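The two complexes that follow have chain A in common; it is paired with chain B in the first and with chain C in the second.
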Partner chain A sequence: MPTITIDNQNYEFEGRPRLLQFCLDNGVDLPHFCYHPSMSAPANCRQCLVDVGMPQMNRETRESNLDDDGNPIIQFMPKLQTSCSMDMTDGMVVKTHCSSDAVVRAQKDTLEFLLINHPLDCPICDQAGHCPLQNQAYKHGPESSRFEFQKVHKPKHVDLGPNVVLDAERCINCTRCIRFTSEISKSNQLTIIERGVKNYPMTPPGIEFDDPYSMNVIDICPVGALTSKEHRFGARVWEMSKTASISTVGSKGSNCYYWVKDNQIMKVTPRTNMSVNEYWLSDEERLDCDRFNKNRPTGPTVENAEVSWEMAYKAASDCLTGIDGSRALFVGSAYATVEDNYLLTKLATAVGAPTPVYLAHVEEGHADGWLKTDDRAPNSQGCERLGLHAADVKELKARITGGEVDVLYVLEDDIVAAGVCTAKQLKKVKVILHHYHTTNQTLPAADVALPAAMAVETVGSFVNGDLRAQRLRPAKSIAGVNRTLSMEIGKCRADAHGTPFDKWYNESNLVNCQPGWVSIPEIASRLGHEMQYKGPRNIMAELAESDSGFTGATYEAMGEFGVSLEPIGVTA
Partner chain B sequence: METQSKAGDWRAFKRVLMPPVKDLHKLEVYEEHEGYAALREVLTTDKWDPTSVTNEMKKSGLKGRGGAGFPTGLKWSFMPPVDPDIPRFLCCNGDESEPGTFKDRQLMEYNPHLVLEGMLIAAYAMSIKTAFLYIRGEFADWITLMEGELEKAYAKGYVGQDIMGSGFSCEIVIHKGAGAYICGEESSLMESLEGKRAYPRIKPPFPAQKGVWGYPTTINNVESLACAPLIIRNGGDWYAGIGAEAHPGPVLYGISGHVNRPGVYEYPTGMLITDLIYEVAGGMRGGKKLKALIPGGSSTPILRADMIEGLTMDANSLRDAGSMMGTSGMLIMDEDTDIVAWLRRITHFYHHESCGQCTPCREGTGWLENIVTRIDEGEGNFRDLDLLLDLCTQMEGRTVCALADAAAWPVRYTIDRFRDEFEARCRPSLIPSGGVLENA
Partner chain C sequence: MADFIKNPVVDLLDRNPEPVFSGKDLSFSKDEKAQIMKWVSSYPSKEGAVMHGLWLAQEKFGFLPPEVIQLVADEIGMPYADTYGVATFYTQYFKEKKGDYVLDVCTCFSCQLCGGYDILHYLEDKLGIHKGETTADGMFTIQEAECLGACGSAPMLQVTNGPYVNHLTPEKIDALVDALRDGKMPEFESVTLPQDEDELGGNRRTDVSLTPTYGVCPVSETLS
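Up next is the complex of A and B:
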């Protein structure tokens, strides 16, 4: 196998990897700005310069020349090379800043150049704290600048499009954003204008940067030049905790981080998962914050009067006691987790009701073959695997309006908004509703309303449209004590818990809600059907064991990146 | 002194690139003077095939006239073997923008068909069916002229399909630049030709592997290509016998500055610089003394008057003296020249023309101009001179293309060779700069 020597240490490699990527993968922390693993390497920032040498070849014998000790003589290239554009070859010898003063000097020089026209407004910059320029300037840059002239002035707060704002003075011209629109999203909506030191990225005349993936350029921007119109000046990076979870606006299940401050979701950023969304998120996934924070209920209600959870559970179980199972209708939810739907199925069976159905939320023509999908709910596939099928809306409507239903149990969905029936038509029906929002249109008709934890507050799993089971992790806390949730939050936020903005200190904005895997067993136990689980982890373990549709989908196996499930007969 | 010249009996030299023929730019006059004869010989006789044309070019020892001095024949031989499914391109680089250089413009004005004929011969040698002539945007009149002459050549069947019944076809396209110095760099010329922003590409891959639109491409200077018909007509040995041995051929010296008769002069390589100034260009204007000269365009290192004694205009001699042949656009400065003001103008040029792709050049060129301007205005400090040299080190060899070097060399060598003049303009600095790098 070919070998390469980096800072006197030998590594083996396969294929022809790029030197910079290989260094990063092997723990050699080479500074860089313009390089991104998914895009071409223009080598324009000149930050990743290294000293590269090759064994000197004897032209006739085609073998390396050896020195007196029998070691190959290494001939170093006359100039430092950019490691991002350098293909590795067998026998290559590389000196980075760890072993070469020339490389240290070159990296320091480049940073000095980068900073002379950079406004250095870090104290008011959104990028500060997770800024590659800031970090690398501290690590590799000069301690001060020798530049004594006026900096170049360029346009500030330019609206590039509906979601992205540009501060051209901060730009270091790495062209990552331009390459993103030309190579990844293919919208070609950005280009560099002006020349030389006045360069900055801009849309062509008359073009708006309305690419549905435009906000990715905010993440890949190595400085604070591109910021989110929605989130800018919202929170400093050190005030937020981030939790690795998945996005729930569609059935793609893109991996993301939820950023939380004061128990509010502040922003959503992509989490690299090469099997799902790679490095990217669509704008609709990124802007999916407000619904977690706004219009949330304040507690359970019975007949629209706020009651304690105990009383609500009691009222719900009363509704289900002594009913004719065939006249009860259970509606599961493609918004709810596999675990919650599974418990609902068990509850339906316990009271003798038929298997629940779920409401499909399909918007034809929304999909773009990438991260946006027609199915706007995250877990339709999980429901199908549990044996729930998409309800025929007309048939449901006929059953409800025809008086065939005495008890309606709706899990985390809104059947009025879905057009099944009106709230008036539900007057004669006992309705138990798990809901997210006070704007839920079924709420006025609900006899018992139980606020449900949303995807950012619960533990559970979703199966995406590509049959991948992935875990949800709680990003924010709910009111009340739940040991499982507390433990999971602690585990998922190893980086940041304990800041004054964290729930450990700060109890503002806590929503009084319960995950389905708490409330459904509570109701079931009052009906005399004990569902003893120590938490969703055990529910999923049972499913993985007992249901062929979930074979192998334990929490341990899903880990950070999820597992692919086998196609099953029903859905195939 | 005469004996040191490598140009032989240069006074008897008969011009070949721009012969003294009236109206030579007209096709009929050009035809009367062996016009397109070399092309006809190459295309229609058995004596020549693509390999033998390339070999003749190699034999001639022609070094590219665009500034870098790379052997033209060798460059042609880098093209990969012909694959009928893969197009190949030739670019003739007429983006002449280096300050002090104006020879290609003259060549296109006085002998445009020699350039076109050279392009066709090069296209034949490399089996190329499309050739581009890239002319800088400021040369609007010359673009019109070349387009007119190209039309006539098309009408006569010298360009286009089945040239002279030989079965060889080659189209020539004239492309107008938009006025950027960086487009003279071969890889950014290709980007510009493709309609993109003229950012130089990283090499490798070289143009012969991946050029215009990713296909094999060769890029030659206007003057280099104009030599091709002469080499075919008279033989590589004839060409190799002209001028300096290691750097042969007739060359267009563009002499400008404080001389009595500035202009473009065709003489062999290896001319004594003193001959060029005092005899060819009619001596220093007003009888003043020579102070300095730039041998080949503003980016080549400046030479002091005391450094040119016995120095000849060829690559080896100039390299030994610490400069370069470049484009042989000579800039002559007399004793009254303010060298600091001159450097200020030059740094302004490179600042203005840096494309802004790579960090050291984008930021460094502006910084250099700032400091030189400050010195010129009498506000500089001694430490500024060392800072300038330091910035040059930070720029040289650290960028994608050579513009950073081209911008840094004038600063480095002007300070190096005229430091006393800079110091005279600077204040001694008693206060050390707070921000000097510790290992600077």
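Up next is the complex of A and C:
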């Protein structure tokens, strides 16, 4: 197998990897700006320079020449090379900044050049704290600048489009953003205009940067030149915690991070999962924050009066006591987790009601074949696998308005907004509702309303449209104490925000809600049906065992990146 | 550039300018299209034809407002943004309407050292406009250009992407402006360098009588 020597250490490799990527993959932390693994390498930032050589060959014998000690003589290239654009070959010898002073010097000087016209407004820049330029300047750059002249002033706070703001002074012209629009999103809306010291990235006249994936350039920008209009100046990185979870605006289940400050979702950024969303997120997935922060209920209600959870559970179980099961209608939810829907089916069975249905949230024509999907709910597939089927709205309507339903149990959905019936038509029906928002239009008709934890507050699993089961992790806390949630938060938020004992702990904006896997068993136990689960992890473990639709989908197996499930019908 | 060093401000471009050309005016003839397609097919990728295409458009329309750049892009079948980036890179592509004569005064290193700025300022005073501006009669535009590849005969200027005027002095500028006012473009002037003659084995070019090869280079007043 071909080998390469990097800083006196030998590595084997296959194929023809790029030197920079190979170094990064093998823990050699080479500084770089313009290179991105998904795009072409124009090698224009010059930060990734390394010294590259090959063993000197004797032309006649085709053997390498040896020095006095019997070691092959290495012929280094006359100039340092950009590792991002260098293909590796067998026998190559590379010196990085770890073993070559020339490379150290080159990295330092490149940084000094890059910083000549950089405004150094890090104290007010959104990128500060996770800025490749800042980090690398600290690690490899000069202590100070020798440039004593006025810096070039370029356009600032320019709205490139609806979501992205440009500060051209900060730009180092790496062209990552331009290559994103030409190679990845293919909208071709950005270019570098002008020349030399005057150049900056821009849309050509008459064009708005309204690419539905425009905000990806914000994260790939190695400086703070491109910022989010929505999040700009919203929070410093170190004030936020970041939780690996999945996006829930559609059935793609793009992997993402939720950034939380004071128990509010501040921003959503992509998390690399090559099997789902690669490095990217659509703008609609990124802008999905307000939903988690606004119009959240303050606590459970019975007949629209606020009560304790105890009383609410009691009221809910009363509604379900002594009923004619066939006249009860359970509506599951494609917004709720597999676990919660599973418990709901169990509850339905316990009171003798038919299997729940769920409401499909399909918006024809929304999909773009990439990350946007027609299905605007994250877990329709999970519901289907549990045996829940999309409700025929007309039929449901007929049943409710025809007086065939005595009790209606709705899990995390809004049947009035879905057009099934009006709140008035539910007058004679006992309604139990798990809701996310005070704007839920079914709420006025609810006899018992139980605020539900949203995807960013709960533990659970979703199955995306491509049949991949993935885990949700709690990014922010809810009011009250829940050991399972606290433990999960502690595990998945590798930051200082996790426990009530550290100085960052914050109790503002806690929503008084409960995950379905807490509230449904509470109701069931009051009906005399104990659901003995230690938490959603056990529920999923049981499903992975017992339900062929979920074979293998344990929390351990799903891990960070999810597992692919077999299509149903094949195994079942 | 000297002014730019003192006041280094890059303004935001006009992002929504009023179109200058529209409708039937904004199109290529059949022959022009055929010519562009010929260029397109002569490069490994179609983008190769962009410089030719823009040049043809500039000859036709006189200058390249965004809608013309878009027209070129569409004709070649390459992104408008990329085409626009190319057009703004070169001073030789005029992004707005210019005077009849565009005087590109080089102020890059060699010319700067040899008095490029003296020439630029002399010209500015003479015509009563600043670089980047056009005289009221629409006859002259002054531009500051980067190296035009004639450092050996610095300081120099180029007239409307055409002939070079070398070894500039104020007198030469006076004569040039007078001639241009009379509608006379300067002649092409060949300049050889002493070392060329040695290397070419004394093989002087036939137009050598026109070349002021051994003249003493002027030195910048601004810098000295």
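The definition used in the following text is that the second predicted complex is superposed on the first by the 556 of 572 C-alpha atoms of A that agree within 3 Å, B and C clash if a C-alpha of one lies under 4 Å from a C-alpha of the other, contacts with A are read in each partner's own complex, and residues count from 1 in each chain.
Everything below uses one rule, namely that a contact is a pair of C-beta atoms (placed from the backbone, for glycine too) under 8 Å apart; a residue touches a chain by one contact, two chains touch by 3 or more.
Bear in mind that the values here come from a model prediction, so they are computed numbers and not experimental data.
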item: Fit or clash - chain C, chain B, common chain A; value: clash
item: Which of chain B and chain C A:V158 touches, first, second, both or neither; value: second
item: Which of chain B and chain C A:I192 touches, first, second, both or neither; value: both
item: Partner chain(s) touched by A:T110 [first = chain B, second = chain C, both, neither]; value: first
item: Which partner, chain B or chain C, touches more chain A residues; value: B
item: A:T203 touches, of chain B and chain C: first, second, both or neither?; value: second
item: First, second, both or neither for A:I323, with chain B first and chain C second; value: neither
item: Touching partner for A:A541 - first (chain B), second (chain C), both, neither; value: neither
item: First (chain B), second (chain C), both or neither touched by A:A390; value: neither
item: Chain B versus chain C as contact partner of A:L49, first or second or both or neither; value: first
item: Partner chain in contact with A:M57 - chain B first, chain C second, else both or neither; value: neither
item: Superposed model, chain C segment overlapping chain B, candidates 22-30, 130-138 or 148-156; value: 148-156
item: Set intersection of chain A contacts, chain C complex versus chain B complex; value: 149, 152, 191-192, 194-198
item: Residues of chain C touching chain A in the complex; value: 5-17, 66, 69-70, 79-85, 88-90, 146
item: Sites on chain A touched by chain B in the complex; value: 41-47, 49, 78-80, 82, 85, 101, 105-106, 108-110, 112-114, 116-117, 142, 144-147, 149, 152, 172-173, 191-192, 194-199
item: Complex contact set, residues of chain A against chain C; value: 149-155, 158, 168, 178, 181-182, 188-198, 200, 202-207
item: Chain A contact footprint on chain B (complex, rising order); value: 180, 197, 199, 202, 351-360, 362-367, 370, 374, 387, 394, 397-400, 433-437, 439
